[in-house]
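Two complexes are shown next, each including chain A; its partner changes from chain B in the first to chain C in the second.
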Partner chain A sequence: MAAINFIQQVSKARNGLGSFVLPCKKILITYCDFGGSSVGMRDFLRSRLKGFASQYPEIEFQVLEKPGFHPVIKGFYTNEKSKQICCRKWNADVIENKLKLLINSTGSKLKKPKQNVISLNSSVRGIWSPFHVDPSQRYKI
Partner chain B sequence: MLRNSRLSCRAVQLTCFKRALSSSPVKPPQLTSTPVKRRRFKFSYERSENTVIDQKQLKVPENKLDFRKYQRNNISLNISEAQAKKIPAVITLHARLQLPSSYKYSTIVRALTCPKEGEQYPDNKQLAIFGANLLSFYTTEYLITKLSQIANFYYKECGRCLYWRFSLADVAKNSWGIEEDRTSNIEKYLAGEPSLFRFGRLRFDRRVTRVEKGITKFGYPTETTLDDSTAFANAVRAIIAGVYAHEGEEAAKNFTHEHILSRKIDIPSMFDFKEPGKLLTRLLRVKGMEPLTVRLMSESGRLSNRAVFVVGCFSGENLLAGGEGSSLKEARIRSFVNALKAFYLYKPLDSKMPSDKEFNPLFVDEGEPFY
Partner chain C sequence: MLSRICGVGFKTGFRSSFIKAYTLQSRNTIFRSLHSSHFAHNQEHLDAERSRPLKESNSPNSEKINEAVQIPDLTPLKYEQNLYATINIHNRPFLVTKGDIIILPFRMKHADIGDALQFTDITTVGSRNYTYHVKEGLPSDAVTIKGIILEKTKKPMYVKEITKKRNRRTRHVQVKHDLTKIRITELKLNV
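What follows is the complex of A and B.
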């Protein structure tokens, strides 16, 4: 009996095609309340954090005091991965930029793309085939 | 003289010789269709697990048609809107999904609560059932208008790839960032986490638990135990049902289209034809077209070990599809498969769905009787 079998698939996410969901879901900020390396971080927390966090309602900001350690910012992403950056001796401006860097990344590992375009779709134009050229124009060995 | 005349005759014959295109000697037979028993197809096969609710579990109101007043017996506690607003995971999920302001935070809490033994908070059971039906409706409608030529029973299969539990679990985990509540009460206490925060995570009775590294415990299934994927999928379904409850039908439709139907499924690669040649000849016979002929269109290196053949399958003078392969047989079969896919995966341009405003009725193939 001629029949059609069906191979099941799991649909693949294409974030940003229908709706965009920010991959960064949580940011953990640790600081030391007396250490010299945390001066910039304390400054950031005191003066800027409230305004900065209110710009990103999608992200949960958690502040943790860790006495005796360097300040660290850690981003948690929807792909269950995390990225952390040590903010030792950095001033508030640099820390803010680094937070933006965490927010703008997807959480996946950094890798060098080999192609100019990365896509799930196959090429619209198709692959060039020498056999579909007009026989008079074909290359002859 | 005689010789000369014979020669001239041969010459005439040679000049007259013309290579005819090979075509099938079989003429299309008169189509005599025996009445085939019609199958009935359901468009919606989707439903979430554990759908049956006993009437004992329900408080039935006096007016039995007032569906809003039905309540479950076991629900005695409730997370209020003010409490739900204090949970960071709920607020961020609300913002991440860009839910409208009318969408209550307490609905998200409810969507993340699966039925558990001895659970006193309202759970997502009914929401998930409703959401599942919504999802299957919008998916079927979308696929029927997108691919109007696929036979009825493959809509179910194509749709399943979009809304079955593994796809929805992927939406919940890897796109929306819903977390499951893994930590025990002691761990939460030691971490100094308020007890309210557990409502921001997905809570369900796990059937499979990881006791420690290398040891996995498969528990006995009870009424409330769920697989991971089912629990996550139910949360997604419940959230979609919540959109319907708060914002109405149009918003629920947009939400499913943006978050679930925008995902990629590769439909051509799903089909696995067994005996594609038979299928194609039957299809042509049913459509009253001329029978199939296969012709070699071009080739290269027939005697080498890297031979390439390009073959076309024709119905009369019409090229249905081409196929290429390293042997004649392979190329032939590929051309059949391409022809079948070209027929079944036909997409009408600018098709509108029945729930759209400017909907024009469109032709939907009900499928061939020979399957």
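What follows is the complex of A and C.
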């Protein structure tokens, strides 16, 4: 009995088809307790962070004190990439908007899209072939 | 005003048209249960949304006109394996199959990522051998096309040179346009 040769295939991940997994899995917030550039960040951490983080239960929020440095927010994504934004001298509103920017991203590098529709499926109507054209429409030399 | 763009630009009329291409449906998954946005996600609010005059103004694709059209016999299409559809988002056509990603050149303000959308402005549904095409838009109960917002990113930053002919002064503007990526999760005939 001949062995069946199979072509191994890896499943192609299409987020959203079955279930949607939020690409941003962790956000690391670093701040300084003394520095003036961290004033807005401290205000955000005191008053806004708890409410904001409760809106995104899938994301792990880690707050780290890093004395002597500007406040930074860093997002970690499922494609093993990270994105960081320095929040020096920004107020709590701006920091919240930048956090939303991190959450809305997948972590991949910014690309200019060549096509508006990206598809893994082959074309439904098929590629045109001159041999499969109706005889009345054939090209006559 | 002449502007030499160092990349591809997009017409400004795009964003000004009414949002009539899609209606919103919330995904009542654990993911969205704690989310409280300015846009309510419950069904009553969505029905109220649909009846707002803004969406059903003199557009040729309003639901009233669509419901009056008879759906023809779609059984040949029904037995086909692969289907495609041409949906219009703000009157821009996108030829789409299930599982595709659409990249829209704007930031969708009314929905967050993970939210489900249903597309109502559909021009064509077809397969390899059959096509169902209505220029004004298919009847709303013929096909169901749903999507989910994957991501809201931006294009890479480029510098746009704004100048006029025979004027040496050139103004440089940094431009970073928005993008919204939507995955088509469902494309099926309701026949």
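Some points to look at:
Assume the second predicted complex is superposed on the first by the 134 of 141 C-alpha atoms of A that agree within 3 Å, B and C clash if a C-alpha of one lies under 4 Å from a C-alpha of the other, contacts with A are read in each partner's own complex, and residues count from 1 in each chain.
Convention: a contact is a pair of C-beta atoms (placed from the backbone, for glycine too) under 8 Å apart; a residue touches a chain by one contact, two chains touch by 3 or more.
Keep in mind it's a predicted model, so treat the numbers as computed, not measured.
Shared-chain residue A:Asn104: touches chain C; no touch with chain B.
With both structures placed on the common chain, the touch criterion links A:Leu17 to chain B and to chain C. Touch criterion met: A:Asn5 reaches chain B, while chain C stays clear of it. In the superposed model, A:Ile59 lies in contact with chain B only, and not with chain C. Looking at the shared chain after the overlay, A:Ser129 reaches chain B, while chain C stays out of its contact range. In the superposed model, A:Asn116 lies in contact with chain C only, and not with chain B.
When both complexes are aligned on chain A by C-alpha atoms, chain A residues 14-15, 17, 19, 22-23, 57-58, 120-121 touch chain B in the first and chain C in the second. By the touch criterion given at the top, residues 7-8, 27, 29-31, 34-36, 82-84, 94-104, 112-114, 126-128, 148, 150-157, 179, 183, 185 of chain C touch chain A in their complex. Taken in their complex, chain B has these residues touching chain A: 88-89, 91-92, 95-98, 154, 157, 160-162, 164, 166-167, 170-171, 173-177, 257-266, 269-276, 278-279, 282, 297-300, 308, 310, 322, 324, 370-371. By the touch criterion stated above, chain A contacts chain B in their complex at residues 2-15, 17-19, 21-23, 25-26, 57-60, 62, 77-80, 120-121, 129-132, 135. By the touch criterion stated above, chain A contacts chain C in their complex at residues 14-17, 19-20, 22-23, 54-58, 103-106, 110-113, 115-121, 124-126.
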